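I'd like to ask you about the structure that follows.
Lettered A, B, C, D, E, F and G in written order, each chain numbered from 1.
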Amino acid sequence: MILIIFFGIITVAVVLALIRALKGPTSPDRVVGVDIMVTITTAFMVLLALFFKRRIYLDVSLIYAVLSFIGVIAIARYLDRGL
Amino acid sequence: MRTRKIISIIILLILAGGFILTFSQIPFGKDKINVAHYYISKGIEETGAVNIVTSVVLNYRGFDTLGEVTVLFIAAIGLGAVLFTEKRVQKHASKSKDDKTKKASLILRTGSNLLFPLILLFGAYIFVHGHLTPGGGFQGGAVIASGFLLMYLAFPKQSINKKSLSVVESLSGLIFVGIGLFGLIFSGYFLSNFLPKGIPNTLFSAGIIPIIYIAVGFKVGFELTSVIDDLLGRGK
Amino acid sequence: MSLIYNWMYYIASGGLILIGMYIILVKTNLIKIIIGLNFIDTGVNILLVCIGYVKGRTAPIFSTSRINPTNVVDPVPQALVLTAIVIGVAVLALALSIAIKVYEHNKTLNVTKIRGLKW
Amino acid sequence: MKSGKVSRYIVTLIFLFILWVLLTTTLAWEELTTGFIFSAIIAIFGYNYFTKRGLSGITLKGIFYFLLYIPVFFWEMIKANFDVAYRVVHPKMPIKPGIVQIKTTLKSDIAKLILGNSITLTPGTLTIEIAEDNLLIHWINVKTKDIHGATDIIGKRFEKYLKVIFK
Amino acid sequence: MNQIIGYLITGVGVAFLFLGALGVFRLPDVYNRLQAGTKCTTLGAFLSIIGVGIIEPAWFFKCLVIAVFILFTNPISAHALARASYKSGVKLWDKSVVDKCKEFEECTKVDPVREPFSNGVEGKK
Amino acid sequence: MVNPSLLIGLPLAFAFSIPLFGLISKKIEKYIPIIALFINMVISFMLIPQILKKPIVVSIGGWSPPFCINLVVGPLGILLATLISGIGFLVSIYAVSYIKEEPTEKYHILFLLLMVGAIGIVLTGDIFNLFVFFEILCISSYALVAYYKDKEGTEAAMKYLIQGSVGSSFILIGVALLYGFFGTLNMADIASRITSANPTYLFITLAFLITGFGIEAAIFPLNAWLPDAHSSAPSSISAILSGIAIKTGVYGVARMVYTIFNANSILLFIAFLGLLTLLIGEMCAFRQDDIKRLLAYSSIGQIGLIIFALGIATSLGVFASLFQIVSHALAKALLFLAAGYMIYRVGSKSIASLNGLGKKMPLTSFAFTIGSFSLIGLPPFAGFVSKLSIVYAAMQVKKPVFLAFIAIALIATIIEAGYFFKIVQNLYFKEGKNLDKITESSGYILIPIAILAILIIVIGVHPQFITGLLKASARELLERAGYIGWVLGGT
Amino acid sequence: MIFQLILIFIMIILAVAAVIFKDLINAVVACAAVSLITSILFYFLQAPDVAMAEAAIGAGLTTAIFIIAIRKTERHEKEK
């Protein structure tokens, strides 16, 4: 039950990040929105694993934890003319 | 332009109508498993893999995976052929300018140095445990390629030896096909699982599955790396 | 309520496919068109996975003995989607490389300005 | 600065193996053997990047200070979060942002990395650029524009630990 | 007992996640948003994942690995993004007090003209 | 007994090993496709007598059919597989001296994998596996069309890629819908349960699948990519694309319509589409100045004829359609190879620049003439027999619609004759300019051209060499129960 | 269930946003977000293998490949 409340809060957070990603005047703003969306989602997936009671599901969030920053770095490197 | 829009909207409406008519025939969330019952009930004892998806991917439908690996191979090779340029200009015209502006910041460089081996190990973990946990050769390969991608992003001047990449690619592809042919020799069927199955839920089980997944992992990882390398136009 | 439940994933997949088709038919920028191809792939993947889903069941991975063989979802569509995702990535990479070459020859990505790409 | 290949290799191997054990969370012999083999293979590719100092970098004192560093860091991080939360929730948003410069005495790259990351995660500061031994920092509530004052407020509390850990 | 502690920690983490998102939503410019986004979501994700690890003790080490990875990678990406937005010319908020970055050429120097196409031009290392 | 899975496994192994051979010596790699496809051809020839007695069903991995992927090697499969490996073998000989543009190693890998895809499509008995092989074929041909990296080539490849991947997505949607209803992917298994589904549902699924395969087969509204792609690819690839790749699309349509869905009601529509394709293809071809574009449009026309004959749906009609597939594959491969080398020597693609080549390159021109006469349908070439049997099959149906159809088809043939005679006239009876340096082709070019020309004549004179196999193949398509019985056993 | 509905809604909005954005970088960012939401949907549909594949591809590789292609071509979509 308490997990459902957590999910609700997380969903609201995702929606807030989404609004930033849609509204943000510049590209970095949108990237910030999507970036925190990824972080929130990683936590969300861990909670979902708890909800489904399957330990193996943790591997998915592990992938996001390890790899999510690479996409952001790719965009950042494009923006700072490094690529 | 206007007519184009109208025509496309008509096409989209037809498509949407088709979707509605067909999807209403497939009830969502109902049990409509037919052939897969066999896989679920017999999968563990026949293949030794506790992850039924893996046993379907590599044993019951192993031929698809061979095709999938081939598709990725084609994409890597085709991309190399399309972006191939004969003459490589050795020196950039304005080398001094690049040095400071193109360099990544110290945090990014050091961080990627630290993370690179860890990401590689993580990819290896994923494809070694393909038959026990979710994941497998393809996912692990993608993780490995992401590790290399990180290095490419952090160090604009770095490149990998393309020769060794292609050697690893071909060798792992040959291992996959070779295991298939061995199966043909030993038990009369292409890609049959001829090795002992072991005890389910331990690492050394499921016969040929871990071996193929390791080969697929290396192959996918290095193929995606060479895709990135070709796209960036580095290397030789 | 059950109507929404029954249709939401179909709406997701059908919506993505339709958006992708719309991009391909109407948009003129090559990279946008490739994004549209990517969306179509994603939509078809969602369709395949939700065909295999059975309500209230869990993933077909018998990692602990608690899981009953009658209580898992269909593994076959998941296996198919794995293959389809790989194929999608392969097509994506090849498409982008060809788009780069097209840009190199024409200095534009707008398909209405490229003679060979009008259809 | 650089130590021998072998010692760097061994450090990498140890770290990778620890990561493998944590990932699998089992001590079955198959897992350990496979993990060791893969760590050994990957360490061949990776040791050149992973560490520059090898075994000489790991000292008892360093580990002790590292353990001391963790609670300090977490305390600052939790403070940071309440700080940000206060600013965000407050209807007027009391912020006074700006970019300031601080100096660091740390030499090693990894130390600078950890310092930069710690600064990013602690109250109201975000590392924008490291140039030699200058750090440029975005500060959400600028208290002083002076280099030394800013260094004292932002950098000093971590530096004294990091200096020992990565001496 | 550990259930209660775990849920408590997770709850705090989720609250921080929400605050981070709110911060990103409310604050005025990229740098401030990054401040809120990085700190709050990092700690929030860290705490909620560790909390799950406490609730199910058998998962603890895996959760720890996830959390440590997040703790390590998030600041890097935030830093890279902040640097990129400064270099690509995103202005600071009007009410910012000071901008020391202008004095450093590492921050300001960018490639003014980007050659549109450079496949195969960059040589080997 | 030779295992048919070798037909796919061996070329794959060879393709994967080409980079390794490239390390030893750059010279070896271009001979590897020849070896691989030669082995393939021998294996498939060895299998023919066996299969005419009893079709072979091989399961991959050793499980019983509905639960695993299986190769169904019936008469149709082995006919097309032999055709594919044979033409592939000849074209790979041609490519040894034709392909000089770097990176040749990648060309040979892609070419070999293209053949693997085509063979896989015609042999597999599993619908998702069909999709995977279809993707192998498509993706390698996208890359090969762009192989020269020039303006036309890349643009054509882009166009082909966009339309082709939309088509593949449609096929995948069709497969998903089939799986959603029947819960199985084996084609025979689906075919045996097909009656249990709602007809609207089946119709829409079939529409998705036919649209998907139709894009590859270039049926009329979906043929926009073909002229560009076929004309700007390297000539050896044009030969393969025209000779084989679009035929696999036709195979897909035929398999879906006849074996799986048993959709007799839409056959007339398909025949009508085929006729439309024929007319449009021939009419466009008539106006072309560029010889490769002309041949490409002519391919569209011929595909129309094949589809039209498929739509007749009597055993004679399907037989005629398959015969047309064989004769067109041989003739079009010959034409593209010969034309490709003439273009290479002359340096221009326009028809006018071929003037007077008949004297300078007698053998190549002669072969070109044979190919074009065969396409028009003059005796004693293979095309004559196949076209005659199409006309005969349409007459046999005794429906007035088909009589009208056949009249239109004959008009299209006359148009075809018009433009081919124009080229032949240019070759032999016009004086050309700047022809001094042009000499006859070399050995590697002439061998495949000569073999193809001889095959066309031999089949034209003695069609009974292949009619037995063709009749068995037609029976395989029309008798679904037989096909289901081979795979699932019993029934 | 309501969460899944909201997520699907978000995904569709992001896909539409990817159509509308003129700056291709923003479209690519939206694309990455669509991939992220897709991954969670796979997770909800009890397909961790697929979610993992989508994550591994969508988190870094696809974005990077698109970005490299934009780097080699041009950044803004120009109508007419």
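Following the convention adopted for this analysis, a residue touches a chain if its C-beta (ideal position, glycine included) is under 8 Å from a C-beta of that chain, and two chains touch if they have at least 3 such contacts.
Quick caveat: nothing in here was measured; it's all calculated off a predicted structure.
Visitor: Counting one step per pair of touching chains, how far is chain E from chain A at the shortest?
Guide: 1
Visitor: Could you give the fewest steps needed to travel from chain D to chain G through chains in contact?
Guide: When the steps are counted carefully, the minimum from chain D to chain G is 2.
Visitor: Report which interface contains more C-beta contacts, comparing B-D against A-G.
Guide: Looking at B-D and A-G side by side, A-G shows more C-beta contacts.
Visitor: Please report how many Å separate the Cα centroid of chain E from that of chain F, as a whole number.
Guide: That gives a centre separation of 55 Å.
Visitor: In whole angstrom, how far does the Cα centroid of chain B sit from the Cα centroid of chain E?
Guide: From the centre of chain B to the centre of chain E is 28 Å.
Visitor: When the C-alpha atoms of chain A and chain F are each averaged to a single point, how far apart are the two points in Å?
Guide: Comparing mean C-alpha positions, chain F is 48 Å from chain A.
Visitor: By the touch rule stated above, which residues of chain A touch at least two different other chains?
Guide: Where chain A meets two or more other chains at a single residue, that happens at 14, 27, 31, 52, 54-57, 59-60, 62-63, 66-68, 70, 73-75, 77-79, 81, 83.
Visitor: Using the touch rule from the top of the page, what residues of chain E touch 2 or more other chains?
Guide: 20, 22, 34, 42, 44, 58, 62, 65, 72-73, 75-76, 78-80, 83, 106, 110-111, 116-119
Visitor: Return the residues of chain G touching two or more other chains; collapse runs of consecutive numbers into ranges.
Guide: In chain G, residues 28, 46, 48-49, 51-53, 56-57, 59-61, 64-65, 68-70, 72-74 touch at least two other chains, as defined above.
Visitor: State the interface residues of chain G toward chain B in the complex, per the touch definition above.
Guide: 48-49, 51-53, 56-57, 59-61, 64-65, 68-69, 72
Visitor: Please name which positions on chain E make contact with chain D in the complex.
Guide: 16, 19-20, 22-23, 26-29, 31-32, 34-36, 38-40, 42-44, 58, 61-62, 64-65, 71-72, 75-76, 78-79, 82-83, 86, 92-93, 95-101, 103-104, 106-107
Visitor: For chain B, which residues count as touching chain F in their complex?
Guide: Against chain F, the touching part of chain B is residues 18, 21-22, 25-26, 32-36, 38-39, 46, 59-64, 66-68, 70-71, 73-75, 77-82, 84, 86, 163, 166-167, 169-171, 173-174, 177-178, 180-181, 183-184, 187-193.
Visitor: Within their complex, state which residues of chain B touch chain E.
Guide: Listed in rising order, the residues are 83, 85, 87-92, 97, 100-102, 104-105, 107-108, 111, 115, 156-159, 233-236.
Visitor: Spell out the residues on chain B that touch chain A in their complex, using ranges where they run on.
Guide: Going by the criterion above, the answer is residues 101-104, 108, 118-119, 122, 126, 133-135, 139, 143, 146, 149-150, 153-154, 156, 232.
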